[in-house]
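Please find the structures below.
Two complexes are shown next, each including chain A; its partner changes from chain B in the first to chain C in the second.
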Partner chain A sequence: MASPTGPKVSGRPGRAGRLRSSRGLGPQALGARRLPTALWAVPPVLALSLVFLYPLFLVVKQSLTPDGSDGVSFAPYQDVFASAAFRDALWTTVWLAVGATVGCLVLGFVLALVIAFVPFPGGKAVARFIDVFLSFPSFLITLALLFIYGTVGMANGLWTDVTGAHSGPFQFLTTPWGVLLAEITYFTPFVMRPLLAAFSQLDTAQLEVASSLGARPGRIVRRVVLPEALPALAAGGSLVLVMCLNEFGIVLFTGAKGVTTLPMLVYSKAILESDYPAACVVAVVNIAISVGLYGLYRVVSRRVGA
Partner chain B sequence: MLVHSRGGRWATWIVFFVLFLPLFALPLLVVVAASFATNWSGAFPSGFTTGHYDAATTGDSLQALTTSLATALTASVLALTVGAWAALAAASLKERGKQAMDALFVLPVAVPSVVVGLAILVAFSKPPFLLNGTRWIVILAHTVLVTAFAYQSVSAAILRLDPMYEQAAASLGARPSYVLWRVRLPLLLPSLNAAAGLCFALSMGELSATMMLYPPDWTPLPVQIFAATDRGSLFTGAAVAVVLMGTTLLVLLAVSRIRTKASYR
Partner chain C sequence: MTGIRFDGVSVAYGGNTVLDSLDLTVEPGEVMALLGPSGSGKTTALRAVAGFVRPASGRVFIGGRDVTALPPHRRGIGMVVQQYALFPHMRVADNVAFGLKAQKLVAKGEIAGRVAEALEMTGMAAYARRYPRELSGGQQQRVAIARALAIRPGVLLLDEPLSALDAQLRSGMLTELARLHRELPDVSILYVTHDQVEALTLADRIAVMDRARLRDCGTPQELYRRPRTEFTASFVGNANLLPVRVEPGYVSFGGTALAVATESVAVGASATLCVRPHLVGLGDGPNALRGRISEVQWRGSTHRLYVEVDGHAVKADVRELRETPALGDEVTLHFASEDAVLLSAGVGDG
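Now for the complex of A and B:
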């Protein structure tokens, strides 16, 4: 597959057009009169180049040329890489994303397994609810967690009511653990959807046969279901990994000074400190990680056919 | 059926709901409950009020709602046009060209939204494209972000399209433009609808790029929710969030009704 980092902006209309006409969909006389088909791809590609690729190019350019000078300088990179804030943010971003992905995979697998193979009345409604869940923005989860685990929220209120203590034990919301909980909650449905689709194609006769031969549920899951689910798990997991690396709303809403991820650092450098070269450097690093992983995701999902 | 014993099944279901309800159902319920409460310092909210909705549907918040609706509508229409056009054009290319188009048009999904916001801010803050400070920079960013989803769902639908129809039309002498308008687009209508709903929902909830770009006179709902919670008005924030969820759901419901009508055509 073509790597996402190197898309062809300028197609070669003439050549592709000739090749296309050999497909022989219509009479050749008609094909000769109309424009080469590849020309139709030019307007949307031009539009996207102007509003997306060109701005990205400017970000890379600004990260290399601080204060608008002509010479290329790696000074902003050196400054940013040397700063503890950046290294902290990089580490936090990576471990949060990896942790959330693992959590989503485990939780999503278990939940999808129950919906698909231990069906209960209302299972369809649960699947529908998950679709709805996906259409809401991520920061709503953090907002809800503020009411549930916040300093004066539900859980701590319950604790102080029951024990009479002055303050509750749940103080993790403004730590990375709060972000991790919110990310697992929000992104698990993204794993469940491809899994449920994969499970619906699994022949249940296989399960019945394995079970009638005396295999216990754990063994069936390990030996029959899991191999079938691996492509969907790989595809869903890498998608969630990329989305976690890029997540901003959840981190912003926790309002924690202690949790800084790369997108958060881009925002604070650019908007709060107006330090555009530094913001661009962090942005370039973030793009490199995310686009690299996303390319990997596309390769994996294409190879396994999910 | 994976678990055959009755007790085992019940145990599985209990584990399922012990995981599912607190993690997924509780957050949404809590936001809705909080939007009606004056105070929440115990196990349950206390003090029923609809006052937060008065605040959430008047003044700044009402303006934020219309801002979000206008932004989402414009961005969805633009994204659907560009995305569907690109997907149709890509479908007629050879393998390599199609792969290049696929890679190009899903790139905005892979790039962090905050970075998309930063890039558009950098590119459109100076002549010849001076959009910074206007509403168009927000709409532009939303369009870029949701075009990728429109492209993906339309090109997936094109793959599932039965080529017999257009071949039949073409063999009867229909011109390519006629085939496009009268055969392919009507067949694609259900998925165009679904893509429109997806784009709209995504744009309604977009926060990352918007935070980088919004001018003071064009603050969409997510920014309004953040502003409310940031200054400590959690309950007003919850009410505005319920307005956001309700509007999104209503529009999705309307879109899915159009879809069922279209699929019977």
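Now for the complex of A and C:
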């Protein structure tokens, strides 16, 4: 016999209860989920805050409070912006990044076209190697270039052996052009990967029909392939641009004299000169450029449908 | 007027012959259907005309000119493929103008007029500003045809152009294609299909292909009424193929003597007798075959009867019956002597 003071049992569950029940969640699970739903966000937010947002906040704070006081000062920004070293570093960073991106786009597009559309023995192996290449550290490529084009590298060695000259003609690796070559070499696969994926989706019948309609290969590439590849080019190009802006290892490993990029300037200000406020200002500028470019990439990606 | 000629064309991929010594001529202004099952070599033959495959041997001629070594963009052909292959980033008008611009066939000022004319012809004038993704399958196919016709090709290659459409749209497009050919009588059309209805409806002649070889070629009526091979008889339309032995003036099917023309096969030889199911009647008559009903299918205006005669199922398509026979009933079928074709065993089927 049921107790008149016992717990009231509802005849029908509410809508939420019905929905949850229909997905196999009983009342106990319902009770367990009611409280911690919002709490699930806490661990990742805490972790993110601890390892990224808080240090970032400290960098920004340091750039605005040079003497450790509570007052905000833009003096470090004025000093850094007024210095020729910063302007040179900014210019070097931007032209190297833009140059490397353009180089990667052109080279990556041509190589991806060949791998995707020109059948040759080992083509698939080359495509797979592109994936492996992406996992290489940037200094490895720079080291390889040093072996080939370095002052005492293979190319100069061959030249001096053949001609008897005192030194070889390949002395560009320690100039900005050496950094540019290294960045193009290292980052081109980052453009090729999305391009190869896009080309694999392209209906080859389009190319054949275009050809039957009288289009030569160059026109087919310009009018049929390139428009289809634009989203992949935009994605790969944006990625390379941001990575080049922040590249440190390649510049360091080439040992290029007089090539100071923003990351190198941060390093020299913080580690060599112990000028932390100035280092933080440069770092903030670098972050702002990267985030701005990422925002631009998102906008462009949405427009071209990447 | 431009025709096509295959002169002993063979194509092989890595030692595997996919087209074997094809000799075939498409007369100027003719619609030639290449009909055959998958892997029969029909699409390879079309691609050899387009220039997408290089023959291992033999020559391809378009309008009397040897184009075997010519790249596709210099052959002056129009082509429509199964999945349309419209350029998705171009509007309909730009798709249709593509060939005109690529070949610089007309002055820039005339391109719009030629595009409008091609779209008008295919009933797509109202869709010029749309993108392909905004069109139905049938509309996309019309645009693909307009794009091919805009360059006014002497030769039009159609590779299974209707196979991606549903049955109703396909029927409508067949009528449209027939109309287009009436309006453009100078265009030679090579039409690849595995659908006998499309081939019978559209083609002036049909080339039947199987296992990389040409098996038969003739007008639809010839191939349907007087097939030369068992393969043609079974692939073009439906057929009863009865194993018979040739006797003087008649053939013997099991224990039954059938009066048919036997001149084409030597006396004493084994042969195959081909009779179309709709030419087989129910009841007594000449060339009577007695057997038992093994299956009855109602097909609207007709009944298809399967009758077991001497261990062979003979099909008969008869007008809808008021009283359908039951399974196991004994019935008599008959056919007229002139409706049967005697095929030598193995001719053209090797």
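FYI, the second predicted complex is superposed on the first by the 264 of 306 C-alpha atoms of A that agree within 3 Å, B and C clash if a C-alpha of one lies under 4 Å from a C-alpha of the other, contacts with A are read in each partner's own complex, and residues count from 1 in each chain.
The criterion applied here is as follows: contacts are C-beta pairs under 8 Å (C-beta built on N, C-alpha and C of every residue); 3 or more make two chains touch, one makes a residue touch a chain.
Quick caveat: nothing in here was measured; it's all calculated off a predicted structure.
Judged by the touch definition given at the top, the superposed model places A:D203 against chain C, while chain B stays out of reach. Once the two complexes are overlaid on the shared chain, A:E273 sits clear of chain B and of chain C alike. Of the two partner chains placed by superposition, only chain C is touched by A:R223; chain B is not.
Contacts of A:V118 after superposition on the shared chain: chain B is touched, whereas chain C is not. Touch criterion met: A:G157 reaches chain B, while chain C stays clear of it. Between chain B and chain C, B touches the greater number of residues of chain A.
When the two complexes are overlaid on their common chain A, residue A:L213 makes contact with chain C while staying clear of chain B. With the contact threshold set out at the top, residues 208, 211 of chain A are in contact with chain B in one structure and with chain C in the other.
Interface residues of chain A, counted against chain B in their complex, comprise 1-4, 6-9, 11, 16, 19-20, 25-27, 30, 34, 37-38, 40-41, 43-45, 47-48, 51-52, 54-56, 58-59, 62, 107, 110-111, 113-115, 117-120, 126, 129-130, 132-133, 135-141, 143-148, 150, 152-154, 157-158, 161, 184-185, 188-189, 204, 207-208, 211, 217, 220-221, 242, 245-246, 248-249, 252-253, 255, 262-263, 266-267, 270-271, 276, 279-280, 283, 286-287, 290-291, 293-295, 298.
Of all residues in chain A, only 203, 205-206, 208-216, 219, 223-224, 227-228 touch chain C in the complex they form.
By the touch criterion stated above, chain C contacts chain A in their complex at residues 50-52, 71-79, 81-83, 85-89, 98-99, 102-103, 105, 144, 147-148, 151, 157. Against chain A, the residues of chain B that register as touching in their complex are 1-4, 8-9, 12-13, 15-16, 19-20, 23-28, 30-31, 34, 40-44, 82-83, 85-86, 88-90, 92-94, 96-97, 99-116, 118-124, 140, 143-144, 147, 166-167, 170-171, 175-176, 198, 201-202, 204-208, 211-212, 222, 225-226, 229-230, 234, 237-238, 241, 244-245, 248-249, 252.
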